[in-house]
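In the part that follows, the structures are each spelled out as structure tokens.
Both complexes below contain chain A, partnered by chain B and then by chain C.
So, the complex of A and B:
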């Protein structure tokens, strides 16, 4: 049974990838332009770090690693779980979620995995490239980096699940939840060292952007076991918490009367 | 001309229905201002070049650039892309106004509504954040605001250009990303171009982005009539270039639609 389910999700992801590859020129263009645009952004920060050397203890390599982690974790969401977020929010608000409810598969993952965004490959390549270029990945830190990457992916997924679920509880919140996600993503894009005092506390607890932008570098630079433990625990709690929040919200879902056909 | 002014007016008036969307943009703008306020204070504290840095000037600089970013019509290129892909753009050719002109007017109407709103809210917030401390050339604000309107014209033309690029690229998004990131970096959105190495400054000033953003925003701390006139002439030059490019696109569009049968 579990095997069949895994097979279904593997096929679902494969199908959504094929769908995104249907327009070949567009696929390759998005991929290449995404890499270029990610690298262009790095030039700006490189110039800044050249002028000031460090920003509150962070150098350019630290920033490169943080950006790489951020971008590559984001790419996992865009490649495999793009349904979570704006798409699912729209389905919920328009009462078009019935299709997934009637399917015998896991509702949340079925709806999340059925959309893929080709630009994610560009982000993935650029993200991994930046992490490697930062020089912070060595044989001794490789294991930790893998854990950090998994935590970052879990954070992105959790925030998306959580924001999507808000649409079950309130009406007309599609735009708001989309913007909140981009606020989260933007905060993750600046050097974590600029967030100090209360801002730092806020970002590693209530608004967990700091789990991607602040703590990973602290773990890598200072090899802090406790921080890694907190980061892993917080990411896992957040992930399962967001799934719980989603299914609680699902009980409030109101079906629409539109006839929807989905391939 | 009257028709186009009416289109701008309609788009301007329609924006009154989207105040909640605008408030979300204001929130995002203020958040960014807070982040960079923190950033410049930290940089000033720990760097030897701190004498050159006045956080208040740079936060106002950022506000001007961000107002130009968040003031524009969001997803406008996507709408044009959909019309090009679906072929609906062909219906626009039958109307007594140019399709490109209509798109431009709609984008401009949105911009003209949002620009003063975002700027005023941002300015009040900054005054509170900085305990009423004013930037070096605060008195240049009227000139800066006029130049921001000029920049808005260029940006609106650019948005139409991005949307129409769908005709050749199947997709407007890659062009949008490229121009957006070029604006961030070559326009010096987050960091003034004066921090850039000489070669990158030269590249930035050879593009429109260096003028529409940095050229305008720097006047808040480095105002002189020479700088203002120089920026004005350059933005005007790039507006003319962009109008020519869009007109060329329009001709190609008509020809392409005629070939494919509309």
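So, the complex of A and C:
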């Protein structure tokens, strides 16, 4: 039975990608421009680090790794789970979620995996490239980096699931939840060392951008076992918590009658 | 005693809306109110009512899309709100205004995805699609991107896609909306065949009375969320026929049409009072089902 489910989701992801590649010129343009955009951003930060050398103990390599982790985890969401977030929020708000409820598959993952954003490949290449270029991936840290990557992906998914589910509980919140997600993503893009005291506590608990931007570098630089344990536990808790929150909200779903087509 | 595959008892669904930015409390709208009915296996039931009557809401409640405010239902022996995924394997649903086919991709891709969703091997799905495509005349559309299909072609593909997993219960919400005469005919013939040959239970909502006449044996009329009438299509015609239309074709080529209220005057007495010397032909017709339903809607609204 488990194999069959994997089969469905493998095919679903394949189809959502195929649909996104239907316009080939657009696909290549978005991929290339995403890499260029990520590199331009890094040039800006390089100039900054050239002037200040370190920011609260972080050097440019630390920042490169953090950005690479952030961008590559983000790319997993855009490539495989792009339905979660703004698209799903719109479906919920407009009452267009019926199709997923009528399918004998997991509603949340079905809706999440049916959209793929081709620019994600650009982010993925740039993100992995940055992590390698940072020099922080070695044979001894490789296993930890994989765990950090999985945790970062779980965080992005959790935040998206959570923000999407808000649309079940409150009406007309698509713009708000979209903005909140980009605030989260923006915070993840700054060097984690700038956040101290209460801001740091806030970011590793309630608004968990710090699980991507602060803790991974602390784990790598100081080889902190407890921090890695906290990070893994928090990411998993957040992930399952967001799924629970989503399914509770689903009971409040109100279907609509707009004429719609798939894709 | 036939098996009841749909059993609805006291089903209600209310929606709540805020009164305003600075007003306390919420406005309640009852889309479905204390609805009870049952449908036997293999039965074709038309679920009719004016716009906003609660037809689509009822279908969505029975297909687990919406949770009820109160009441119970069993569809194919399952509680729709507790067994959503199991229920999805037993029912087929077609919403006239919604598509389950992927817009930019060929029909084939959507069929294989649906096959995967229902754990059907590709070869069996393709064989089933081939069978359905012969009846629905969609054989040539296998490799055509959905965006290039006409509305009628798309709707026939939607029906075929809903039947891929051979559901025993089929919910159709306005399946003939926007279709041309030929596409409607193909669909109706197909649904009738599906019900008689495969014993598929069909619950159909439609504003097109021909759908009801050609496909269904029974009619449930609802208005403002409440059941107003539950009878057979034949009984509906017998009970609510209060008029006859008499057409008189005259020597000079003119034609006159008279609506006779049969409770006031019989057709026979009308004809006795008519000068038949000038008449070359006479036709006596029942009013179309559409008119009967329109009368029912109006009387239902007055009653409500």
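Just so we're on the same page, the second predicted complex is superposed on the first by the 258 of 263 C-alpha atoms of A that agree within 3 Å, B and C clash if a C-alpha of one lies under 4 Å from a C-alpha of the other, contacts with A are read in each partner's own complex, and residues count from 1 in each chain.
Following the convention adopted for this analysis, a contact is a pair of C-beta atoms (placed from the backbone, for glycine too) under 8 Å apart; a residue touches a chain by one contact, two chains touch by 3 or more.
Here the structure is a predicted model, which means the values were calculated and not measured.
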item	value
Chain B versus chain C as contact partner of A:29, first or second or both or neither	first
First (chain B), second (chain C), both or neither touched by A:47	first
Contacts of A:139 with chain B and chain C, given as first, second, both or neither	neither
First (chain B), second (chain C), both or neither touched by A:251	second
Touching partner for A:98 - first (chain B), second (chain C), both, neither	second
When both partners are placed on the shared chain, which of chain B and chain C touches more of chain A	B
Which of chain B and chain C A:206 touches, first, second, both or neither	neither
Chain B/chain C common contact set on chain A	none
Interfacial residue positions of chain C with respect to chain A in the complex	15, 56-57, 60, 63-67, 84-86, 88-89, 93, 95, 97-105, 109-110, 112-113, 116-119, 146-147
Interface residues, chain B side, partner chain A - complex	20-21, 24, 27-28, 31-32, 35, 38-39, 42-43, 46-47, 49, 169-171, 173-175, 177-178, 180-182, 184-185, 190-191, 195-197, 200
Of chain A, residues touching chain C in the complex	4, 7-8, 11-12, 15, 18-19, 22, 96, 98-99, 101-105, 251-255, 257-263
Chain B-facing residues of chain A, complex	23, 25-26, 29-30, 32-34, 36-37, 40-41, 43-44, 47-48, 50-56, 119, 175-176, 179, 182-183, 186-187, 190-191, 193-196, 199
